[in-house]
């Protein structure tokens, strides 16, 4: 694929392999390093209105080479301070997708306006924050809430808006449809799966927060199933994420229906160079698969 | 992967510092750190002050709530350990000046000993607020042929004033292939300038907020580096690339704050 | 634990480690062998009204030692023929929990009556079958459907009724509450998580059915999180299932809130003797944890 | 774990039977089987008819839709393979009588050859509906010093009638340490009786419905055994415990049906 020939909706990127949100995303310099390592673009840490220190440690638990749990608790410097990080990343040439989280449509919309002013190339809405209405549930599990948030952001900014979908739902495609209907430009799928680790000798959860989110290779089959079902029901592009470590993994997401992918946990387990390695290898897979370009491979595993 | 182990010994080192030892067979090198989980409280990065053999040790200074509680831990308490993480000191230099400030000496002691065992000449300068807060004075003095120079803020032991002054004098009067340091960042920043002025290779063990320790979460972002995976030991050349060194750290929210 | 001293609700079992549904459960003799290998009881294959051959092969895909996918498609000989298998298992001394699946409350109720006549010790309702109302969803993802099914079965039989919960939901505890409210005697959690494997060289899903269900070690953190949240909101016993391979795994489920566990995939990866190994080892863990008996360990990882 | 490989050769063996070879390095032993996935069609258990070296082979008889399609496969077609699964033949007996019925000979050929290479005396009896359906006649005849006895249903080659009659005669006139068989289950059941009557240890490769091949799904339940993990080769003693042998198989729904 030629540099810059690749697109998610109206957005042009040098390649379709992005750094996922929450990984190397607290500092602008780290975002720039991830871009330098070969990412097509980088997604920022999810930013809220006020600074948040997140949950106490332990915030991560490695389960094995196949997966890990985290419960960071959305630490972030807040929307007032974070623009300086984006500025640093941009100064070093990195296209940044700004990730946001809020408690409701209004907060999302005002964050979106602030984020838009930083020069990000798109917004990604992290809809996995606690939902006031439903006890123990995430805002992003409720199609009505998704619709409301996306609509509010859509009318607040002109940037591309990506809605990031949770796997903790009975109907990922329904959530994606809600986002599409409200004007989202793309669906990012998926965030981590709700999970728990208990230390048997101490008879307590390992993570300070209790439950956390599963990421890494074990999440891949779950993410693929979500992308698969979303592809069957929406027409806007899908950005696949969950357990991608190799170009083969990324290609599987493309075949399932993704038009771009994000890599998270593998940046830790395989080093940041994994971003470039996956991008180059994906290109090879597409060619060896006999497709003229990536667009033709998107969703190719679906029965025609 | 985290394992839960019993504390074997709680050794008081100074009125505000204790060493915890615990069974932990994975091999480690001086300069590396582990994540120490005090269940129900916090998980903190701690350099290994004892790196050899199946029993490892960390030396902890009471700073905040969690580390204050460590002073009162008892034998048998179960703690979680994961690691070792990070890059160790390069032990090849033949003449090393080791400059420790406060609890920073924790990570320097095993490095100094290992270099000494390999035949290097090790000169030590220790700083502390007062005499009784000097860490590992005896341990480091017992290295054969080694010499421990001391400075205290209140003059209650050794020179009255900052250990950086002692270090500068040593740099001026001796020949060194490396300067190793760990301590308050402004102290390290000063030493870096001293070492650079004298063309002595400089290595510092740096502390930053840590969460994952896996090069994932960015809590320890440090210029183009992550302290957990690229550090905690950085060379002077690396530190040139880090604007924040001596100027800013990041708090748990990722905001830049004074160090 | 003394033989027979262990209970799930009113049901006494020799130990709390059961064979999970769909594993070694098509033939009565296999069920009996699993009991002989040390299970406290055995759960039958899920049985429907008519014989079903299930989906074509490939029906399984091994992802690694950490997990596998299956899409068997509920093959079963149907309720008319299956009683002969239960009779064989019972003749060999095995207490059988009869698992059922149906399309609606009425079918579940009539299956329950037929199953009750076979001498099973309890019924387990597999609520993970396609739901007529919701496109692409399972009956067990809809709390109203769960309530209706459990209520119908509850009033049709006097046997203990266990409702088996899917992880493909935003609110496992809500489903469990619905089942409890409708009179369920226990909650079994969880079934497999929706997942997909794609063969990149062939650009098609590996399983003939397309999507399948994830089981094995990678499912454990997800199952633990479900049991954890269910324990916080229901009072009836929970039977934990998902990725249990070792006694330590089983003990983690107990600490999260389960009163018994089931073992599925590990019967394949570790041999059927794993059932006895887990049962004996669990007893040790409970003792070493300082608990007088298993009942005291149930949910002990929750903050008090 | 499944791998997708290209078919290297498609070798016609009889008008209804072909051998497919494909690159598949994992080691295997005679008697073991693989799951062969014909993408878009089905995945079927197939005994390895070629067990040595990095290229393996299966020999498939057209029975139903999928296996009929195999006859028309071409070189280069990509198929999925997983395995090998199951327990192989014990190759230690010194004098072996091998009795193959139809495509059952596929699994017996590599076993016979391996035993022969180890120095055992191998006597072969093959049955088929008619002369041209005899499988591996030439392959088995080429074993040095070996002898291949034949029976066909229509008398177009060898003895007119069932191969069981030939086998009985061989059992009566020779001394054998083992009888190995694979073929229609009623044939195998008859041979078991013959072998038992003469106290000759009996081993049969059994076919049942297979789905997981991992000892998980119970599709291949066979008395106290699973054909995929405890078989497909069973001893006469094991078969004593299996009421179904020669009487029932299970269809894809798990219902018992005539074999």
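When the chains are written out, they are named A, B, C and D in that same order, and each has its own residue count from 1.
Just so it is clear, contacts are C-beta pairs under 8 Å (C-beta built on N, C-alpha and C of every residue); 3 or more make two chains touch, one makes a residue touch a chain.
Everything numeric here is computed off the predicted structure, so don't read it as measured data.
Visitor: Based on mean C-alpha positions, I'd like to know which chain lies farthest from chain A.
Guide: Checked the centroid distances; the maximum from chain A is D.
Visitor: Determine the centre-to-centre distance between chain B and chain D, using the mean Cα coordinates as centres, and give it in whole Å.
Guide: 68
Visitor: Rounded to a whole Å, what is the gap between the Cα centroids of chain A and chain D?
Guide: Centre-to-centre distance between chain A and chain D: 52 Å.
Visitor: Could you grab the centroid distance between chain C and chain D? Build each centroid from C-alpha atoms only and quote it in angstrom.
Guide: Those two chain centres are 37 Å apart.
Visitor: Can you tell me which residues of chain C touch two or more of the remaining chains?
Guide: In chain C, the residues touching two or more other chains are 63-64, 204.
Visitor: Considering only which chains touch which, how would you classify the arrangement: line, ring, star, complete or other?
Guide: line
Visitor: What are all the touching pairs of chains?
Guide: Those chain pairs satisfying the definition are A-B, A-C, C-D.
Visitor: Any idea which chain A residues touch chain B in the complex?
Guide: Against chain B, the touching part of chain A is residues 22-27, 29-30, 33, 45, 51-54, 56-64, 70, 72, 75-78, 81, 199, 201-202, 204, 206, 208, 264-265, 267-269, 271-272.
Visitor: Tell me, which parts of chain C touch chain A in their complex?
Guide: 63-64, 66-67, 69, 134, 136-138, 141-142, 166, 168-171, 173, 193-198, 200, 203-205, 210-211, 214, 217-218, 221-222, 224-225, 228-229, 248, 251-252, 255-256, 285, 289, 297, 300-301
Visitor: Across the complex, what residues on chain D touch chain C?
Guide: 1-2, 4, 35, 37, 39-40, 42-44, 78, 80, 82, 210-219, 221, 223-224, 226, 250-256
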